[in-house]
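To start, I am sharing the structure in question, which I have written as structure tokens.
By letter and in written order, the chains are A, B, C and D; residue numbering begins at 1 in each of them.
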Amino acid sequence: MIRKSPMGWNSWDCYGPSVDEKTVRANAEVMADKLKSCGWEYVVVDIQWYQPSASSHDYDPFADLVMDEYGRLLPAENRFPSAAGGKGFAPLAEYVHSLGLKFGIHIMRGIPRQAVHRNTPVLGSDRTARQVAKTNSICAWNTDMYGVDPKKEGARAYYESIFRLYAEWGIDFIKCDDICRELPHEEEELLLLSDCVKNCGREMVLSLSPGPALLEKAQLYKQCANMWRITDDFWDRWDLLYAMFERCEKWSVHTGEGNYPDADMLPVGAILQNADPENRTRFTRDEQETMMMLWSIFRSPLMIGGDLTKLDDFTEKLLTNRQILAMHEDARHAHQVWRREINGRETVLWTALSARGGQYAAVFNLSDEESAVEIPISDLEPAKAPENLLDLWSGESRPQVEVISAKLPAHGAAAFLMT
Amino acid sequence: MIRKSPMGWNSWDCYGPSVDEKTVRANAEVMADKLKSCGWEYVVVDIQWYQPSASSHDYDPFADLVMDEYGRLLPAENRFPSAAGGKGFAPLAEYVHSLGLKFGIHIMRGIPRQAVHRNTPVLGSDRTARQVAKTNSICAWNTDMYGVDPKKEGARAYYESIFRLYAEWGIDFIKCDDICRELPHEEEELLLLSDCVKNCGREMVLSLSPGPALLEKAQLYKQCANMWRITDDFWDRWDLLYAMFERCEKWSVHTGEGNYPDADMLPVGAILQNADPENRTRFTRDEQETMMMLWSIFRSPLMIGGDLTKLDDFTEKLLTNRQILAMHEDARHAHQVWRREINGRETVLWTALSARGGQYAAVFNLSDEESAVEIPISDLEPAKAPENLLDLWSGESRPQVEVISAKLPAHGAAAFLMT
Amino acid sequence: MIRKSPMGWNSWDCYGPSVDEKTVRANAEVMADKLKSCGWEYVVVDIQWYQPSASSHDYDPFADLVMDEYGRLLPAENRFPSAAGGKGFAPLAEYVHSLGLKFGIHIMRGIPRQAVHRNTPVLGSDRTARQVAKTNSICAWNTDMYGVDPKKEGARAYYESIFRLYAEWGIDFIKCDDICRELPHEEEELLLLSDCVKNCGREMVLSLSPGPALLEKAQLYKQCANMWRITDDFWDRWDLLYAMFERCEKWSVHTGEGNYPDADMLPVGAILQNADPENRTRFTRDEQETMMMLWSIFRSPLMIGGDLTKLDDFTEKLLTNRQILAMHEDARHAHQVWRREINGRETVLWTALSARGGQYAAVFNLSDEESAVEIPISDLEPAKAPENLLDLWSGESRPQVEVISAKLPAHGAAAFLMT
Amino acid sequence: MIRKSPMGWNSWDCYGPSVDEKTVRANAEVMADKLKSCGWEYVVVDIQWYQPSASSHDYDPFADLVMDEYGRLLPAENRFPSAAGGKGFAPLAEYVHSLGLKFGIHIMRGIPRQAVHRNTPVLGSDRTARQVAKTNSICAWNTDMYGVDPKKEGARAYYESIFRLYAEWGIDFIKCDDICRELPHEEEELLLLSDCVKNCGREMVLSLSPGPALLEKAQLYKQCANMWRITDDFWDRWDLLYAMFERCEKWSVHTGEGNYPDADMLPVGAILQNADPENRTRFTRDEQETMMMLWSIFRSPLMIGGDLTKLDDFTEKLLTNRQILAMHEDARHAHQVWRREINGRETVLWTALSARGGQYAAVFNLSDEESAVEIPISDLEPAKAPENLLDLWSGESRPQVEVISAKLPAHGAAAFLMT
């Protein structure tokens, strides 16, 4: 059982499909050194580690992929040298484990088109790739795979064959792509895939992409996966952060132990997709703090998108605020209390109980101007009048308050623990 | 501020539009005698108290109504004799207050068509009924009123004139009909009406009908009203009760102090709309308990629909279970945890924190067969492992449980307090 | 049987709800004098002839209306003096007939609200207005009437009572409003009303308003009425004329003897609803010719909207082009051939057979620039190669053409008869 | 220019994807012998002539296809022996031409997936199959092809390369599949493909499949193709024939020289997809005549689906009725006049002008019972009163009629020429 919402780093935001072993090791080392003590643990290699010529944020259509004789994709050795000799990701996973961290990989739903066209055998079955492929199921944005048809004999054997391989490698986290929003069409394939992950012999987080997930399928996601993307790719733009408030509101009741609706990676620090010559996030500092508070009270997984080898002071501080990260771990029954205009500023109030006692409140200023808010404690319906109000960012306490007062910068926020 | 979700009795389910003063007094007396000590307090006269010839559950189209020279409706004296001499509902309200209870009335949005066609003056204004009526706004199911056009001069004066009159009478509760689901068309009229209630000089609960309310307008309801119907008229049919689980799930995050999404009246005991010769509810006892547990953990207002003068033992017991009613008062941050099949039985789990400490859990068997469920405490994510589990119906306690076990009859439920 | 698409004049575009008898007579006299010989024949009094205080293009909400003891509306005598003594429109109809023309009136679907609130008896029935009114059926833009509920006893008697009265008056044309687009809700009322018109003892054109009519109800309109509006109110704006091409395309297959989809009145000459100090139409001359050609090949009814007492030379010439009006009378099986870009100009081609032999073609330039078009005769699929091509506007003929060449001004058109 | 609506035979209904050369020759011979004199001329080989192992009505997913070094598909020599030596369909086309007939083939939109995965060069370009394929465009029901991305350099060269090859073979008719209903997504590919057909150096009919075509794209189809399917696959079931009346009604205005909306093949005689041991169509004889009359007055292409080598007497007579086929050739400006209940029988009336003079009428009984209809000639709005009425099936004439009388069997029809 995955008892807390995962925290880690993912290679996509800074390296796209072209990350390599050296980079993964370097980032893992920074995580172990500077972040691990605050709870950060997963190191995840994103898409196309099996594509030798990957070189940027674009995909090379119909590229030749590295795979074994059973149509199972393998790390490209020119990019991941330790995979040589058929070792796959086992050596890299072992290194990450040696740092006290966990190791994850990205996969695409389905079976390589290349395997289907070469008609490779399916391991543990008398069927071939052509016989298990779903003929009209492809990804809209990537040419690597065909879907697998769960009704075909051999389909389960194929999925078993890959997850057993990943278990042998020592994988702790699977980010499965081209599946989360492909419902109801690919529902049966998700159920099969999820079942094979659960029975592969090693505990792995199962993370579903891309979003937005379908709210009416919430129960299915809860049954199949540990986290699922509630949004399309999230980047360092205020309109996307603004829109996340409504997404989190809708999904908040579906968070529970082992189930964490996912607001996507944190585009902080040095990331690729921006115009800044130094590749720094376009989010203001206030916006980054707002993001951390929303993700944390909502208990979204926290996956860092920035390059850890270029970690700056502000970002490090942002990612190691122990009070905020405690809220991420301890928040329970979180929900939006209201969203309303206060003096012309659109304001959002969230609350959650703390598993360690007390109640959290987070207030967000979504307007483009500074705002001074006064929120009666009664809006939060605390079990009893709080004796102390702790400001999570400043660390300051106020006794016996009846009103939460806060000065919020544009796009800024504040979070409190009432005890 | 209305600090708890209202509890009371409403005349509709047993008397339709034809309730009379004698009946209201008799029901109020039973409430004072048998229910008041458990928190029941509102006595509400439903629709068409101003219609002298009302006689059944049907409306008499275009009937002549009793009104004063300003187009304000007055109780029909043949049905409410104490209203004689222009006293309106003041004497009846006074009597209800003398029993330690509160008194409410039903109104229709708008101004009487009769006033418009007679072109009566609007009190406190130089305008007439024709000048404030909204020309194309009528109720789909009742011919009494035209809407009032908030853009017209005199519109506010009209609404002020009626709520001041109700304040003079001593009204504590307004159930305003033909408005809740009429958004966005009648949004401005709702805002005006709500503002006039707030400023009429007497605290009144404002309840909006009919449902289903529009989820996307949740913030507006919260701003304007204390309770709003999340469903069309609810009667003693399992399909309607079954459907309420989804409604409550969606609306749960919009409950808060002073704001109570309303699952409608409780069709218990002796009610009119059924085939039983004794007019007893068609709900089984298990279904009635299920209803009480769902309404209570969700904090829906509890308005009894049955005739209190015919209160039977089972119904009295149902309405006076102190543990359930404590959950109704104390539940906070309630939400559905999951809805899933367990051994083929559709099962729903809710939880809420208690304002007095501890955490509630309620589990519902929506299937047509008996069910034995085992729910790990961890599904509820309690702050700490509970030392005691109190069964709210049986009053029995179990120490240090890790799993909630319950045998649930078809359509039955169980509720617990973990401390 | 109404064997040709009606042609006439309607008071709305220049007088709104406030036309009076003197004006109607004056317009009828001009029609008789200058237009009758070209086929113009109907003189129609539009809405609210029963409202004494009508004075402009706005309605006076809830105004007191003139009606008889059976709730039947009568002409306001202050506006129509010849109606004095209970004569209704009989004297005015007689005068119009004496000019060799026909006389029509506008009515609203339903029964006066005033009759319902006064509860007048229904002639020829033991029922009252309250008993036949449809309780929740009102017009969205006028407060005069309630719908009549065809399921109620007395409903047919009411409609019979009004159409018999109109037959006694000598009415030849009924423009029934608030009904054409009110389907399927008011379908039964339309059927009842239509049946009462057919059986009232006098042949009357039945015209339905307002549009847009519902295409999926085409068969119903054909069964019930002679003409029905395929558009909301049409005024002198190019965007509305542009949009009519698509409407006509869709409705063309529903034209047939006695059934004429109606593109609405012709806002030509002096009309009210414009900014011009002389009240002249804002359409250019080319646009007016385009309108006449489209309406004619499509066989829309032609109802003049302009004030005939202010008829200018251009407008008179426009309305008396005998070749165009022959197309209006003789076109059969008309349909759009194509709509395409020619040299960047959006161009539309229509064709129709002529009941007198030969085939019509009309080509329209919908662009804002002049256009020279060359259309192969084969696009029109004539039965045989035409020997003569007659330009309907210029009257010029061209022999043995294989291509129709035309220079079309912006928003302009040309029409031809191939024989 | 294709001056008349195509008539011919297609291999699909009786042979699915597995037709062979011997069969095609045999069917062509019967056509030349028995049908050619009535206007039948196209012999069309349907899908997967390039798939060596095709054997039934199902597709073999991801099968190996025969193609040349430029990724262009070639006839499988085991099925089409004359294609040996790289001759393609040239010898077979030559044989069909020698019979005085024309030859057509089916193609799928796009480029073979096999070519993309093998990355074959595109003839006449420096690009490869991978570089012109549209990465996320596949057929929903067949695995042979990827779409071609018209924005990619080399895309036009690819389409030119295949149509030039077909021109060299002597192809007269292209049935392009997976394109007709794939709008707007594949609109640009359709435009490119159509342009390459027009410029390939040989006149070819371009037929688009599968349906239903999108009515709002009518102008695009007219611009690009000669015929396009207005329905999904049509088989010998009454519900499908019944539904065609509405389809034809909607599409009738889009018929014109060179443009023929296509109601699909005629499942007559011996066809595969039925339960009959002798493979005879399930349509009754009356239904088959109804189908022929509707297709003909509407001018749908007529493509025989049945096996001509098993042509029975009834079917031969059905396909050689010269009066009906004259209507197919001569009908102009066809449209449905009305669709209404007559004595409880749903009845449809169509009319069209004849290019040889006179006017057609066809009346259809869609009910399950015999029907006697009387239709006033005036419903058809003939140019002048007809002197003669010719019954197209019986060949009988009636003089000077004012009413068309017909006895129609269940699902039966009658057609007439008025002169």
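The working rule: a contact is a pair of C-beta atoms (placed from the backbone, for glycine too) under 8 Å apart; a residue touches a chain by one contact, two chains touch by 3 or more.
Everything numeric in this text was worked out from a predicted model, so none of it was measured.
Q: Please identify each chain that touches subunit B as well as subunit C.
A: none
Q: At what distance in angstrom does the C-alpha mean of subunit D lie from that of subunit B?
A: Chain centroid spacing, subunit B to subunit D, equals 64 Å.
Q: Can you work out the whole-Å distance between the CA centroids of subunit A and subunit D?
A: Averaging C-alpha atoms per chain gives centres 52 Å apart.
Q: As a quick test, compute the distance in whole Å between the mean CA positions of subunit A and subunit B.
A: Those two chain centres are 43 Å apart.
Q: Chain contact graph: line, ring, star, complete or other?
A: Topology of the interface graph: a ring, with each chain touching two neighbours.
Q: Would you pull the subunit A residues touching subunit B in the complex into a rising list?
A: Residues 1, 219, 222-223, 249, 252-253, 256-257, 332-333, 335-340, 351, 353-357, 378-379, 381-384 of subunit A touch subunit B in their complex.
Q: Over in the complex, which subunit B residues touch subunit C? Could you list them?
A: 61-62, 113-114, 116-117, 119, 130, 133, 135-136, 138-143
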